[in-house]
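Take a look at these structures.
You will see two complexes here that share chain A, one where it goes with chain B and one where it goes with chain C.
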Partner chain A sequence: MNLKTFRGGIHPPERKEATCDLPIEHVPTPASVVIHLTQAVGAQNQPLVKIGDRVLKGQKIGDVDACPAAAVHASITGIVKKIEPAPQSNLRDGMAIFIEADGTDETAYMPPLDPFACSREEAIKRLRDAGIVGMGGASFPTDVKLAPPADKPVDTIIANGAECEPYLTIDYRTMLETPAVVVEGLAMAAHILGADKAIIAIESNKADALPGIQREIPAHAHGVPMEAVLVATKYPQGGEKMLIKAITNREVPSHGLPFDVGVIVQNVGTLVAISEAFIQGKPLIERGFTVSGEACRTPKNLYAPIGTVIGSLIPDVIQVSDDLRKVIFGGPMMGVAVPTLQTPIAKGTSGVLFFNTAEATQYEERQCIRCGRCADACPVRLMPMLMNAAIAIKDLDRADALGLIDCFECGACSYSCPARIPLTQRFRLGKDLLRNQRAKEARHGK
Partner chain B sequence: MKIILETTILSAVLGLLIGIALGFFRERFAVPSDPMVDQVRAILPGANCGACGYAGCDAYALAVAHRTAPPDRCTTGGKKAGDQIAALLGLTSSAVDQLAVLVCQGSREKAPLKGDYVGIDSCREAKIVTGGTKLCQWACLGLGDCTRVCPFDAIHVEDDGLPHVDNGKCTGCGKCVEECPQNVLVLVPRAKMGAIPLCLNRNPVKSKVISTCKTGCIKCEICVKACPEGAIRMERGLPVVDEKLCTSCGICVQKCPTHVFKLIEKDIIIA
Partner chain C sequence: MENKPRLVLSAAPHIFTRCDIQKTMGMVIIALLPALAGGVYFFGPRVLAVAAVSIVTAVASEFVFRKALRRETHIKDLSAVVTGLLLTLILPPSSPLWMAAVGAACAIIVAKELFGGLGGNFANPALVGRGILLMSWPAFMTRWSPLVNAATVDATTTATPLGILKLGGALADVMKSLGVSGKPALYLQMFLGNRSGSIGETSALLLLVGAAFLVITHVIDLRTPVAFIATTFVTSWLFGRDPLFSVLAGGILLGAFFMATDYVTTPVTPAGKWIFGMGAGLITVLIRQLGNFPEGVTYGILFMNVVTPYLDMIVPHKFGYVKPRKVRA
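For the complex of A and B:
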């Protein structure tokens, strides 16, 4: 079968066997949660509650009058104990609200809203109030994404069920267990966006999820033309630009965004959250994530309130071996290694991986042998070896000309490099240096 | 003997001819140069560090002589060079001799790391991927970006994991200050006297400061209360010393429970 895909990419070991057959398990309400005020790309939220206040599950506790931004809500009912900086999964110690459960299960959800009956503005406002962000990892506010500028008409919306990161299986389980909700959410997003067509993209190694989705389309698509397609299993197939290329054969221009080619991509987890925000009036306060890795004795797919401290689930829900060396929030390719188990689950946490010493091995950097494997692997067709050489001599203008800004840090080049050059890390450094240089030039009015 | 004589004469004649030719062409193709540029260039130290913002000493000398740059931009030459150039051109110079000072005392034993950082050996990179390698997110990362940019070999990361400035070699060019991603290096006038707080921890939670660094400012404000001159005030969670009021009495240095304050006296920091 000749599946749709993009040029480049890599085939890392999938390692999904450990959790792909395990149903999503609901974690018992934790005794306390740590909810960071700002969990999305955009402006910093301000707390709406004080220490000592009683907050209800679903109550808005942090917001700001700015765009883009996403509100945060209490994920359990209880008392606000403190508001202070705490370790966050993006490694910046952001302001967080500590809530201690009082044992009750009262909720303060919003009234249900029919997105097909209400106005577009109302629907967008609901997404904003529900604090919905992209749940694949980037945490971009969904209300902004579903309201593209008027001069950029969007005709296609793609549900991203590729889940190309190794280990992670939460999107797959979501599609398998609640296909109707995914389809419903996609229909709502397509309606809000005014898209003519909706496509659910699933990687071929998760083909089992396809029949379930196809079965639900007639009943839940609300008249939106919708189809489910298989795409090749390859990393980073789930990158939105790669997915757009594979499915529509349109190429997002350099420095551009998906709406430049009339497409919007939403993760399937986000679609479930959109559906819940309208049907139940439930803000984004809980999410599913995969717990896996060689140092995890109990690989699972979990569903927990946002703000659940990962360390508090050990050892009752998750058991880890003594050889634990590294903990990663997100997937192994693009995730973030966190320094402490006191890190809470955030809106963008799609997985928590526990690596042992063997998995976390670091290799010494050697000389580039000009083999060009990084260029073969690069899904955006950059030339990592040349960019690396340019950054090494601080020739940032050349790195910029080579397309440094178009690198989205998928890690395919670092993975394929036989000399173990930390290319992706160097490009992050290069981008930072480039931003500084551009800022400096702007200051000096060059 | 004959060979030696012939060679010597030939060499002498050849040397004379080439010398005459060179002298002729020197006069014939002479490029007129602005004597003012040469004079300014002679005052400049010739380090070519680039701290003035120009490609090197020649480029800066040209710019100064053409009055497109102020005479006090050379930090390496400092006050002396600034004054001389200003006198030469009939301008005024506001150059002062400066020194880079590290405003963090979070050494290896005092400020623990939050995990093992194993990536590219650069402070800026470590900051991007970890948000700071130490528990204190404001601390010096100690990976030596400052050492690598210093044109004068004046700053080195030592055994305690912090960069130390060699006051004799530091010219106050400010390259390290510009490079440091944590902004823990500042320029201080060499003539400055008085107390200086060496901490940038802005964590509002007192207990968090102590758990992240043994020598961090815990916002107790004892220094503000103890200062007999009223020269210390808190600004965004950190003490600020008013230079004009400080008399270098050293009371804040003694009172601070976490030893954040140090006294500066003529180029040196006194513990």
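For the complex of A and C:
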């Protein structure tokens, strides 16, 4: 079978078997949560509550009058105990609101809203008020994404069910368990965008999620032309640009965004959040995520309030082995290793991986042997070994010409390097150096 | 919590392929073993002594040199073993053992370690080793021992097929020296490798078996060898030589699949790989046809090694650099 895909990419071990057959399990309401004020790409939120206030589940507790930004909401009902910096899954350790549960489950959701009947502005405002962000990991505010500039018409919306990161199975379980909600959310997003068609893309290793989705399309697509398709199982198939290339054969231009080629991509978890925001009036206050890894004795798919401290689930919900050496928020390819179990689940947390000593092995870096595997792996057809050499001699102009800024840090080059060169990390650093150099040049009027 | 070891922090990605330098080099060694076995079969067990001296000297040179410079040693990565083995395969079967040792030491120290070790060298170490030996002891390097089970029994030395042509002989003379008649029989004899030549270069069959293994396991890219062989075929034919004979003779296949695919000293860019192969093939044929030496693979590849940095400038078309669709004015 010739499945749609892109050129390049890698085939890491999938490691999904530990959790792919386990239904999503709702965790009991935690005794406390730590909700970071800013969890999205964009402006910093300000707290809307004070220490000692009682807040209701769903109540907005942080926002800012800026764009892009996404509001945050209380995910449990209780008392605000502290407002101070706390460990964060993006390592920024920003300001967070600590809420202690008071044992009640009063909610303060918004009234339901019919996105097919209300105006486009009302629908966009609802997404903004619900604090919805891309839940695949990038955390970009969804209201901004679904309102592209007028001169960039969008004809296609793609639901991203690729879930190409190893270990993670939460999107798969979501599609398997609540296909109607996914289809409904996609129809809403397509309607808001004014897209002509909607496509649900699923990697071929999750093909058994396809029939359920297809079954729900007639009843829940609200007249939006919609189809579900399989794409090749390959990392990073779920990258926005890669998925667009595979489905539509359009290449998002360098320095461009998906709407430049008339496409918008939304993660399936985000679509569920969109549906809930309209039908239940529920803001983004809970999410599903996979817990797995060799040091996790109880691999699971969990559903928990945002702000749930991962350590608070140990040992009642999750058991970890004594050989725990690394905790990763997100997938193993693009996720972030965190220094403490006191890190809370954020809107962008698709998984928490517990690695043992063997999995956390640090390799000795060797000189590049120019084998070319990084170039074969690069999904945007860059020459990582040449960019690395250019950065090493501080020739940032050369690195720029080689496409340094086009690197989206998928990690495929680092994964495949036999000399164990941390290429992705070098490029992250190189981009910072390049931006500094460009800023300096601008100041000196070059 | 406090007495537990602290969590490891590192940048993404957090998983890595199991294929490291050592495994890659190990695959190359496996792929070269059929050719070495062919050398033993055609030229006798003394070939194993040459291989042992060459490999041991290569590894020892790397170890001692790096120790002397107080640098980390990496002999476990097996790259010196590959160099020693490759050098063996491109030496004449009758090479004195001391000469193999000198060649291996030169390959490692002059070509590789002086330029910073694996990854820093600009020219193929084994070929540099052979080049130094060829200039220093040309007599030993062009003395070809007869085959163990040769059809001709007259002498203690013999000539390679390319050597016969260089001395003004015709293809018929080559056939006579190999004891075959007719082109098909000549091709078959040369494909199987029952001819004089360097230890590991004679059998196209055994080289292709090793090359197929490296292609299937994605260790080598086919672009360079295909360009190398095709260019040799076409330009030999343009010069009026038998093209198939030209590809089977000398070290074309060994060079194309195992030297022109050396990671460090050949281009990383797809266009660069094509040009490298074509250039190496062209120079090889020019040396064979117009130069003093009967064979030119060594210098063909070494020359292209030198221009590799320029070939690396031809980078491929990047993702997202499509021409924007024409907008109506």
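Going forward, the second predicted complex is superposed on the first by the 446 of 446 C-alpha atoms of A that agree within 3 Å, B and C clash if a C-alpha of one lies under 4 Å from a C-alpha of the other, contacts with A are read in each partner's own complex, and residues count from 1 in each chain.
The criterion applied here is as follows: a residue touches a chain if its C-beta (ideal position, glycine included) is under 8 Å from a C-beta of that chain, and two chains touch if they have at least 3 such contacts.
This one's a predicted model, so the numbers in the text were calculated from it and none came from an experiment.
Trainee: Given the superposition on chain A, are chain B and chain C in a clash or a fit?
Mentor: After superposition on chain A, chain B vs chain C: fit, no clash.
Trainee: Please work out whether A:362 is in contact with chain B alone, chain C alone, both, or neither, and reply first, second, both or neither.
Mentor: Once the two structures are laid over each other on A, A:362 reaches both partners.
Trainee: Between chain B and chain C, whom does A:414 touch in the aligned arrangement: first, second, both, or neither?
Mentor: Second partner only.
Trainee: Considering only the touch criterion stated at the top, classify A:159 as touching first (chain B), second (chain C), both, or neither.
Mentor: A:159 sits against neither chain B nor chain C.
Trainee: Output check: A:382 vs chain B and chain C. Expected answer is one of first, second, both, neither. What do you get?
Mentor: Second partner only.
Trainee: Between chain B (first) and chain C (second), which does A:340 come into contact with in this model arrangement: first, second, both, or neither?
Mentor: In the superposed model, A:340 contacts both chain B and chain C.
Trainee: Which holds for A:252: it touches chain B only (first), chain C only (second), both, or neither?
Mentor: Only chain C is touched by A:252; chain B is not.
Trainee: Consider the C-alpha centres of chain B and chain C from the C-alpha centre of chain A, and write down the angle between them to the nearest 10 degrees.
Mentor: 70
Trainee: Could you figure out whether chain B or chain C reaches more residues of chain A?
Mentor: Larger number of chain A residues touched: C.
Trainee: Scan A:428 for contacts with chain B and chain C and give back first, second, both or neither.
Mentor: both
Trainee: Across all Cα pairs of chain B and chain C, what is the smallest distance in the superposition, given in whole Å?
Mentor: 5
Trainee: Touching chain B and also chain C: which chain A residues?
Mentor: Correct list for chain A: 337, 339-340, 362, 422, 425, 428.
Trainee: State the interface residues of chain A toward chain B in the complex, per the touch definition above.
Mentor: Result: residues 84-85, 90-93, 337, 339-340, 362, 422, 425-426, 428-429, 432-433 of chain A touch chain B.
Trainee: Quick one: in the complex, what on chain A touches chain C?
Mentor: For this pair, the touching residues of chain A are 10, 12-13, 166, 241, 245, 251-254, 256, 322, 324-328, 330, 332-341, 353, 355, 359-360, 362-363, 366-372, 375, 379-383, 385-386, 402-403, 406, 409, 411, 414-420, 422, 424-425, 428.
Trainee: Quick check: in the complex, which residue numbers of chain B touch chain A?
Mentor: 114-115, 118-120, 122, 124-125, 128-131, 137, 203-205, 208
Trainee: Any idea which chain C residues touch chain A in the complex?
Mentor: The touching residues are 1, 4-17, 19-21, 23-24, 74, 77, 116-120, 221, 263-264, 266, 268-269, 312, 315-322, 324.
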